[in-house]
Amino acid sequence: MTGYSTSMRIRLPVVCVVLEVILIILFGVLVKYDHETDAKGWHKYIKNHNNKSQVENDFYYRYASFQDVHVMIFIGFGFLMTFLKRYGYGSVGFNFLIASFSLQWATLMQGFFHGMKEDGKIHIGVESMINADFCTGAVLISFGAVLGKTSPVQLLIMAVFEVTIFAINEYVILNVVGAKDAGGSMTIHTFGAYFGLVVTRILYRPELEKSKHKEGAVYHSDLFAMIGTIYLWMFWPSFNSAITAHGDDQHRTAMNTYYSLASCTLATFAMSALVNHEGKLDMVHIQNAALAGGVAMGTAGEMMLTPFGSMIVGFLAGTISTLGYKYLTPILNSKLKVQDTCGIHNLHGMPGILGAIVGAVTAATATADIYGDGMEDVFPDMAAGDISASQQGIRQAVALAVAMAFALVGGVLVGFILKIPIFGSPPDTICFEDQIYWELPEEEDDDHAEMTRVRTVEEKPLNA
Amino acid sequence: MTGYSTSMRIRLPVVCVVLEVILIILFGVLVKYDHETDAKGWHKYIKNHNNKSQVENDFYYRYASFQDVHVMIFIGFGFLMTFLKRYGYGSVGFNFLIASFSLQWATLMQGFFHGMKEDGKIHIGVESMINADFCTGAVLISFGAVLGKTSPVQLLIMAVFEVTIFAINEYVILNVVGAKDAGGSMTIHTFGAYFGLVVTRILYRPELEKSKHKEGAVYHSDLFAMIGTIYLWMFWPSFNSAITAHGDDQHRTAMNTYYSLASCTLATFAMSALVNHEGKLDMVHIQNAALAGGVAMGTAGEMMLTPFGSMIVGFLAGTISTLGYKYLTPILNSKLKVQDTCGIHNLHGMPGILGAIVGAVTAATATADIYGDGMEDVFPDMAAGDISASQQGIRQAVALAVAMAFALVGGVLVGFILKIPIFGSPPDTICFEDQIYWELPEEEDDDHAEMTRVRTVEEKPLNA
Amino acid sequence: MTGYSTSMRIRLPVVCVVLEVILIILFGVLVKYDHETDAKGWHKYIKNHNNKSQVENDFYYRYASFQDVHVMIFIGFGFLMTFLKRYGYGSVGFNFLIASFSLQWATLMQGFFHGMKEDGKIHIGVESMINADFCTGAVLISFGAVLGKTSPVQLLIMAVFEVTIFAINEYVILNVVGAKDAGGSMTIHTFGAYFGLVVTRILYRPELEKSKHKEGAVYHSDLFAMIGTIYLWMFWPSFNSAITAHGDDQHRTAMNTYYSLASCTLATFAMSALVNHEGKLDMVHIQNAALAGGVAMGTAGEMMLTPFGSMIVGFLAGTISTLGYKYLTPILNSKLKVQDTCGIHNLHGMPGILGAIVGAVTAATATADIYGDGMEDVFPDMAAGDISASQQGIRQAVALAVAMAFALVGGVLVGFILKIPIFGSPPDTICFEDQIYWELPEEEDDDHAEMTRVRTVEEKPLNA
């Protein structure tokens, strides 16, 4: 039954090389520098602008946001998932692998659906790099649901399809429906979460109980995970504001996110102590639910929600998320057979929906009096008089439905593809375990082992 | 004696929820977007400026500084304190909690004392976010003194009062006394350190010796702490320059801090080896004293101190700080009953005073010839001819006295409040210990335990 | 034989203090603020510019790059080397020490060779800080070769000489030969790698086998190392673009590096699985070879290589580097007696040469049609019509030869200096071991030890 072998010796190199060669060929055929990155193009471009300084700044504003988002994708997601005691290599390593693939593939898919120019080429610059990282974020969210239960080949295959579906979904939401979603409550979080949840449902492992003892943390693995948490938390203002309009939009988005997250953190600590019968805090809640305030600000962040409103939303998000970890995850697992390793339903799913709803309500109550000339940046169609605030609100609600639909249908499709038994998926008994795909060092260093031995010997006489 | 229960089941949720609800109400009543973050306001504002580019940049300069400071507050302080072998969750977790609270509360308190507009509102933007993070830094410094000996409820209560006193002290120093302190040698470091030292003195635990065996590091906890150290060290140039005037001020502050820290690091390694009878380096020194050069540059950083001067100050700061850890901390502990877990007296106290003195001397020797037209940014009152350089020097000295006075009086007051036995403070025997407030994972992973068992069995025959 | 004592009690303080005092004196005599950091100078400078905004931005663009580079130098290099199970303190600690020294010394050496002004002074600002960090990077690369086998005094002595030789080499390559090397494929990576390899060859330890059991990782040390890897990987676009011309140059360099690294990561995973007989991934490859795509983009990054070209180069770099770790390092060790602890030959040596070659070829094929007005920024001499593209290509090739020559000759010289037996070098039996230079905490925390004991006792009856 070679189909059930988990060896990556041939499969992983073949998949990596084939994918990368396809990427390289497609980049060679389809991609060129945009006016920002092209030597000739840039110099032509700035000649036509009377304010070179302004134009140059556009790059730097975006580039600074890009670096912050980049940190979230690689350090944030990568280390957040290292909480598992024996899956640290897989968490940070596979995150690294599938993110590296996804950002390249996303450049093509997003370029294909959004930005093909009349020369039949995809023109790329800093903004496309941010968008590629955003799309990668959705893949990494889904990764959280199947963490520890999939081979790197399965993850790459998942990424191929998820990126593609993401790009279509994003195009529909932003360009067809005409909704706003700068920080991706719908396009990134809701989509990524429900996609991943459906995938893990299809990949349901009835015997996973046999790996249960490995599905927890040890002391230091929780601290590694906190590195991920804190980085996500700190840079979320940059994430939500990365592609909003310059000026007040970007300032406001960052600030709303900042206060939402701070409020969310207090709610998370409160709920975590409350639901524990000894009043002890649970690291799983702190690591995850404290971030829900950023997720929930992904749509309304750029709107005139006020810090007051943001703090309410953050508080709600932290509360819902913590309660989800405590009460909903076990039910999803036992009743719906959704084995959600990282609890992405609590961190990205419900807070994403909350964010979409807050966005819809906030949009529906927007007035010219509140936004003034700033309306154009936030709601261009309303500013142009094409639609009313209620209509924008409806668009937002439709967008949520679209995201859910793409996630559910896409997830089912991809889940079944991943079930094909040639991708080296681990058996139920060896999940959450690095040793299947990684060369591991000896369990501990020699000195320690020696010391343990010596101690044992010393203790003997007492018990002889 | 329910007063001595350490359960957080009711207390922590009540305190968190009450505080957050108060914050939300006050934000709702008192806070609004400033011209930078308001959709209408921003567009009005830029219409009145002939250089939109210049105005926009102001945000980005500040925002980049903000993100660097934010990293220092959450990763820097959070991980610096993870050195304790069994208090990693508490270090990074409680840091996260009280910082999230403090930055919200600081927005209100600093807004109340500094920036109430004629409409009776506090207008907030990116600069207020930096200032809120700065104030949070002082609270986290004080946290370092009581680390491992306080409940999260006590810490939140401390933060409520400390933020308030900080805001008054800051207002007096900057607006009444008219001193300069952009990087907070006095307002942040000296104030935060002596406040915390007095609090820990009032909370003196005569039986703390019983927890002594937990007050150290293990190998990996020291590496986690180094993450904190290095982040603080790297971003300190951004910290000290975050709110200085744009242009030469900001450039110079960053550069002075950079060279001060580099010099300080060499002094720390030198002293650490020198004071150890085997010439071995002590991680406590490296983790902490190497940062003293940033603290000592908090006042004079923006002045024309020259890199030469900065390096001398950094060298002194590293030397004083290392010697403090070696010789002064034990004396403070045994003679003055100041139990200073992180040695904040050495990292923030003495270097803060050094920074204040360097600032006073540098200000007193400022001349129009050295500063030229740049005088206006650094010493506006001197540039306006209202005061002489000596008078500015006296202001700086007075400011140091003010900071000390607020710290000492405030610390006594808050220390006695924290003694009220309803906040769930841990007993002397279970300090520096996460298990009292946190759900802990099993001590180690099963494989390891199994291995230990197997080894034991194997060794037996040899000793039978 | 006091010459063989490894105590740092006198030696390290003496060397640190003497070096820092020399630095302080030279800074006092030779260094002054440039127009960017000087209060008077800046205000004069901006008066002569009609666009203050543009001028101010220059600082901020550079400063943001500086902070990213700074993170790579201290967190990136520092943590990358923590993979060794018992050398975490030394890795991050000595990295901290020698980087702090090197950046000060580099300021002087680079200022001396490149930038002495007519007043006989070295004028410093943000750009000189980036260059000082770059030079420090080369020293840290060399550190990787001798990691675990040298005393901190030896490392400081090495840094004194290597920084000096680096500055001369850099001057020759950029100003005499006239090659381009913005990201330092030649000046930083090739030079640093071969310098370090020659040094470690001269310091060959025939009995190193006795420390072999300590030359590996444990589970958590590999995760600490991944922090370093990911930070280097994420910020490499900023590294390569830090000192390129503003505008398209900088945008393009960042983007080329981004795609090169992503492609390199897939190649690394592919090769790592392929060369392992069980198809398991090797953390050493992931930690190191995945970065080769950044190294290889150090010269051509700013050229019109296209993302397509960058991805090919990244793929090659990852492949070569992984194969190097697997097959070449053991041969270098056994046949050529080059004991390269971190495998810098694979991460910096070969990819550096690859980068130099790619740079030469790309330069040689540059045309006015491709670069347009942007030619001036990338190839000023070609834009001025002074040389042809082929001539620029030859310059690039010559520069590689120059870098190799300086590295080899310099490495031999410095290697023999470091052999002088007064610097406290560790014996062959105690390499890769922190305890020789650091105060170490107890092996593990008491609770754990206690638990081990208890378990042992419990198991006894079963075996009695």
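Letters A, B and C name the chains as they come in the text, with residue numbers starting at 1 for each one.
Throughout what follows, a residue touches a chain if its C-beta (ideal position, glycine included) is under 8 Å from a C-beta of that chain, and two chains touch if they have at least 3 such contacts.
The structure presented is a predicted model; accordingly, all values stated were derived computationally and were not measured.
Student: Please remove chain B from consideration and report which sets of chains remain connected through touching.
Tutor: Without chain B in the graph, we get one piece.
Student: Quote the value, from 0 to 180 degrees and to the nearest 5, of the angle by which the CA atoms of chain A must be rotated to coincide with those of chain B.
Tutor: 120
Student: Where chain B and chain C touch, do the two copies share over half of their residue numbers, giving same, or under half, giving different?
Tutor: Different; most numbers are used by only one of chain B and chain C.
Student: On a C-alpha centroid basis, what's the spacing between chain B and chain C, in Å?
Tutor: Averaging C-alpha atoms per chain gives centres 31 Å apart.
Student: Would you mind listing the residues of chain C that make contact with two or more other chains?
Tutor: Where chain C meets two or more other chains at a single residue, that happens at 53, 57, 60, 64, 220, 227, 443-444, 452, 456.
Student: So in the complex, the part of chain B that touches chain A is made up of which residues?
Tutor: By the definition above, chain B touches chain A via 7-13, 16-17, 19-20, 23-24, 27-28, 31-33, 36-44, 46, 52-53, 56-57, 59-60, 63-64, 67, 70-71, 74-75, 78-79, 82, 88-89, 92-93, 96-97, 100-101, 103-104, 107, 124-126, 129, 152, 220, 224, 227, 437-448, 451-452, 455-456, 459, 462-463.
Student: Under the touch definition given earlier, write down the residues of chain C that touch chain A in their complex.
Tutor: 51, 53-54, 57, 60-61, 64, 68, 85-86, 213-214, 216-220, 222-223, 226-227, 230-231, 233-235, 237-238, 246-252, 254-255, 258-259, 261-263, 265-267, 269-271, 273-274, 276-283, 286, 290, 304, 306-308, 311-312, 315, 370-375, 377-378, 443-444, 449, 452-453, 456-457, 460
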